[in-house]
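One structure is given here, and the rest of the page talks about it.
Labels A, B, C, D, E and F are assigned to the chains in the order they are written; within every chain, residues are numbered from 1.
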């Protein structure tokens, strides 16, 4: 059980950090910010790898593989497009 | 071992929060802020209570009792003086 | 319908009742505009410009008066001019009927419909026709320039290698349209400005221009329902004089603009108060035409008493003919658009703008 | 040691060489100050004020000239005054020796030690004595006031119920001390100001006052080592004239202040250029005393040509006698403190301030 | 050992993600933020992959390569399509979370029933609901934005819509509770599938009443949901990195949607419960604009996102001597590339030229001033009309209300602007305005 | 159950502490912050006390009552004594941490040697060192501030001081490592006592070279140390609340001391390693003021803490047209109760009255302007001289350097002010100034 308490603790603290950090983000950057957090939320990739790659029945692994593919797509396209937008910013 | 990792996690997150929150504190309030954090750091009271009140040898409990007394002094005087200073602020 | 713009004949009058720009607008709206030769010259509007705007310029005086349906003037018509007006025509100008009895009876005799813009009600709809406001703006501005030119001092503060020049202290008495403009202009030049008025609402307006309001407990209600000032009781007036005398002791420049509609201007500065002022101070009395706010002011003269210069300038708007005419022309053309509908005068006497301004109509004198 | 302050005798001169405040300081430093009766009156400094400051006021002309060790004046001495000076005494005033040959030989003959503050080197130490700077400040300010009073237009922009008044376009030619002050004053009044000068360093200074610098490729180095302007080559001058004429086409007010030390002022506005200007424009030529920047300007006159008014005002500082005198007095008293040590003249000709300003000494004319 | 590596990697990745977001503070450091995010992700992936329990490397690699193959082209969409892409990406994220949750459940059901504790089951149900509703909701949103043929663009509303939506959600939740209580009962697998189905359905229902204009807010909320599903996954897998990253994402989505709601003059609860339809109708209904007290941030937001801001000063600006503050605001906006014009009404203030005097004092260039006649035709293109202490000169009563003292006076058409902000002293309703913002003195 | 309560309490207390600090953002909410802190502390204490392992309730109550008896009077010290009180309080905090650590060690040693894992021992040693050095260090600091007789007020320095100090710390650390590796060896208890003793000693050595003026920074660092010792205690006791609260405290102490260092023109490392003595000497040595690039925050800080700020504008202000920015700054400072004067040099700028024109345009009241002769006698009382684009008019070369073109010109004695801030375009050394701050355009 202790573990879940740690998790809760971590969750609460991380939420505070998220609120604090995001509130100070320049408003100019909201669009890239959205794609950046979108990429970061693809951290579900970590869970997908486990489900896809561990010694589980194939059906499970297929679910995991699809999840992994979906997450990976998000990571790749999210970071790339964020960077693309920010580059244009610099030029301005 | 897992536990220590949680602790480390919690520590890192809390430090981020501390840095973020304090950096935005109004400079007018540094003196009360110092006494407030001083009072909060007396959270060691939690440890002192355990050492002082659990079923331990007397010597240990004496150490704990002194620690508890010291922490409690900090809590009481720290919060009270912070409030006193802030009240004067209001009047200005 | 023909509008006639004669050249002003009053001495020193340099304004003209329409500018080429405004004349052009009227022409576009379907009216014919006839301008006397050289009518705008003194105000830097050439006949060419009028012609370019579509007006018939270079007409003779006779043409203008005899052909026009509506004659637009700045100054009230001289008896001579009144006689020249075509019977049944209309005239718009600025005059106080009380002061112009003779030409008014002349106008009535010739069955001229005459309007005086000085009688315009101070209502929102009439704001764009309000010549008193627009010309008072010019006067307030110019009064400060005259004062600045007349005083031996700088208006602004200057810290220089040759010592520090203290800013001039300017006091404005009466903060109506002209007074407020005077405050703004003196402030722009860097003077330290304070102002006094009997209407309490003015305090905020004065402060909104960054000047100080000189507060005196009037003790009576000095404002009419229409927002104009009333005459004060004798007792209050005495206290006011003492208060003002005190305030003027260290003034370098005083601009007075106090007026009460239809009455002689109130005396605010006595000879005694002038004696108490600093050597080299300057007073500009804008109310001199209606009797003056300063006892010692003489219309059109530059008086030096007790080391204080007292200017009583007349017709200041005419000294800035270009812009004064521009504003006047806008005002009068708005009025014309209001009374002329479909090429004919529309005399709806239920309309307070028309009712209040119409001085003579159909041979009848409608205002005292 | 006695300092004498005579009343200025030149026509129209209202300044005085010391003010009560400055006289008081000199008295405190151990000097005796003798002031002619009514010397400060035109500048609003009464004899009483001088007396209160510890000076001997109400002296006669004779007393002042005959008793003083150092006579302090504003204008160069008339031949008459020069004759009155006590032999061996000293005189401080402002004059260009080239223009005052006669009185200078008179001064030399009477073995007077005469200083002209017009010759002060433009070095840092001399800044507090620099009468040309302080009086140019007055002139620049006043020139704009004159222009504002003379033009038929508002300087500031005004959006009103009677239409919008466009801001005046003011062009300042020559941005030295007077020019910069003119720029600042016109800007204060709300005009749109642009300025032109041949010295490139001036661009930043003009912009620092919020005005626009009119840039022309001069193509030659127009500045001396001392920071003054040089005369331009003929070709460049021709180009300059064309450039300026172009810039003046839509100007409402022009103030010219261009000068080259010791030379005739450069012509900047030809009659042709005036013809190209707007009807009702105003030119104030401050350089009229040294020949004028505008071909059509006449010293002390108000010329109307091609619908443009051209003012050539003389001695503007004298029209603001109070502050002009205050600054002058500070300058001259700093100079006196510099040359008088322990109650006696200290003539160290190695000191460039003394060397450059001393016009006659011991019977010798030191400056052409 | 690899466990310690995993933990350390989690701490490191967390820190990197936090820095990543922190650096988005400022355009100057923002790209560094992306680099930090990429590094954090790399650390997390590698640390997970090298764990001993991962044995099907080929399978993992295949999925990853497939992700690259689809992801790279997706990142090259034209910038106009960025919102759709983001929505689509949320759909993928939701799908991933939902699938992992489903996998975990069935894995537990078939192999380690004991591991399906109530806590874990709750987390799985939360993950699945959030994941699948995000999946279909985002797909719908993307479809609407892309103007796909078979998704109605216009908000689809019908009576009782909210009841139906909430009903679906409640049933899903109830089924979920049943599964949590009895994770291994014979009907549990079906019930679980029911939860999944209802979540999928709710995602669709949630979006159909919403019009295209509100999509950015919705996307931001879906972002928040995606983050929360990652948190739930973290609880399921006992993975702190998932919890932190998910929480960062969830909170950032929350903040962004709150800010957007404010900018759109909506209450957040209104948006959160998907009841957009109502507002849409009200909007369509009438001209009666509501006024609302705006916060300083909200106003900031509005102003910064505008292209054309028209400032309409009046007597109040003079009384408050606010011209210097106005100039500060002007400077700020100009710096951000916003076009700012000052519309001067002929009778604003209490003397002719009152506004001119003050604005000139504050050194606002003449070129920024425009007259009423000139600005009025432009007002419909104006994003924000900022009325500073003016009342009569923008009061539409001058047009309609016959017995008003200002009836017939021409006014500046502030009410035609997209948004009107008014700064005034009291809260007496301002007829033309959406409402007062706090005085500019409070502005940062 | 009580365990769950304790955990929940920990989460709650953590959140309350965070809010407490967050509310210190603003004087308006600051007192609410205190309330949150008190509540958090109450929750933490009660939740701990009700744990079943606490059995000596009388003993706990006694200690708490004693804490109140001493704490209340301590909170009533005059405000001038607040710094001492804070220092004393840190001493108590350090003592508590040190004692708990010692107790844990001996408890483990005598009762559960197995619990003294390397990790736990490391935490205990860290806790003890930080706790005791904070204890004596803070006591010394409090003593110096209170001007207690037997503590030398002046910095005590001797050759090799830094070597000795670092030596003591290194020995303590080495002994600590030995104890960590062999927690239960026969010599371990002695070694542990040695660590305690050395930490006590180090606290004293750390403070004696520091003068009174630097005490606030030191106290802030000690605050940070006290926080870190609470973190260590948290690791020892496996208590997350201790870890979070301690971390909040540690980081806030850190930030505060960094800000203070900046305000004092010190590098943080310089302060962190206690090498204050060196700087003190340099200060005493000579007139040669160093110049340094100041950050915007540092300048802000300096200006806000000043009582009298003298602004000295020059031609640079005119060129940059910075008068409106200067007015903003003026408004800000006035609002904070700072007295601001503008010292106008007679030849500042490029024309007579140049500064007047600009300052009047920005509506800075004439009453705030003072002439050179008037301000110069006041300059030594001036906290900050803010030189804005002026050079010649404050250049001391005018006094000393015979061949300078400005030799002999009277100048404004900016160099006599406590601190000089100069804003200029280039970095050409400014003779009178401590150095350029970034342009005011960058100010918030």
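Note that a residue touches a chain if its C-beta (ideal position, glycine included) is under 8 Å from a C-beta of that chain, and two chains touch if they have at least 3 such contacts.
Keep in mind that this is a model prediction, so the values were computed, not measured.
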item	value
Where subunit B and subunit D overlap in contact partners, by chain label	E, F
Subunit D to subunit E, fewest steps along touching chains	1
Numbering shared by both copies at the subunit F-subunit E contact, with half separating same from different	same
Distance from subunit E to subunit B - Cα centre to Cα centre, in angstrom	37
Whole-Å gap separating subunit A and subunit C, where each centre is the average of the chain's CA atoms	73
Cα-centroid distance, subunit A relative to subunit D, in whole angstrom	75
Multi-chain contact residues (two or more partners), subunit E	14, 18, 240, 244, 321, 346-347, 352-353, 357, 360-361, 363
Residues of subunit D touching at least two other chains	127-128, 133-134, 137, 156, 158, 160-163, 165, 188, 190, 210
Contacts with two or more other chains, residues of subunit B listed in rising order	1-3, 6, 9-10, 13-14, 16-17, 21
Interchain contacts (touch definition) - all pairs	A-B, A-E, A-F, B-E, B-F, C-D, C-E, C-F, D-E, D-F, E-F
Subunit D-touching residues of subunit F, taken from the complex the two chains share	315, 318-319, 321, 346-347, 349-354, 357, 360-361, 405-409
Interfacial residue positions of subunit F with respect to subunit E in the complex	321, 324, 327-328, 331, 361-363, 444
Contacting residues of subunit F [partner subunit A, same complex]	3-4, 7, 10-11, 14-15, 18, 240, 244
Sites on subunit C touched by subunit F in the complex	156-165, 167, 190, 192, 210
Touching residues (chain side subunit E, partner subunit A) in the complex	13-14, 17-18, 20-22, 24-27, 30-31, 33-34, 37-38, 40-41, 44-45, 48-49, 51, 53-57, 59-60, 62-64, 66-68, 70-72, 74-77, 79, 82, 85-86, 89-90, 92-93, 95-97, 99-100, 102-104, 106-107, 110, 119, 219-220, 223, 226-227, 229-231, 233-256, 259, 300-301, 304-305, 336-337
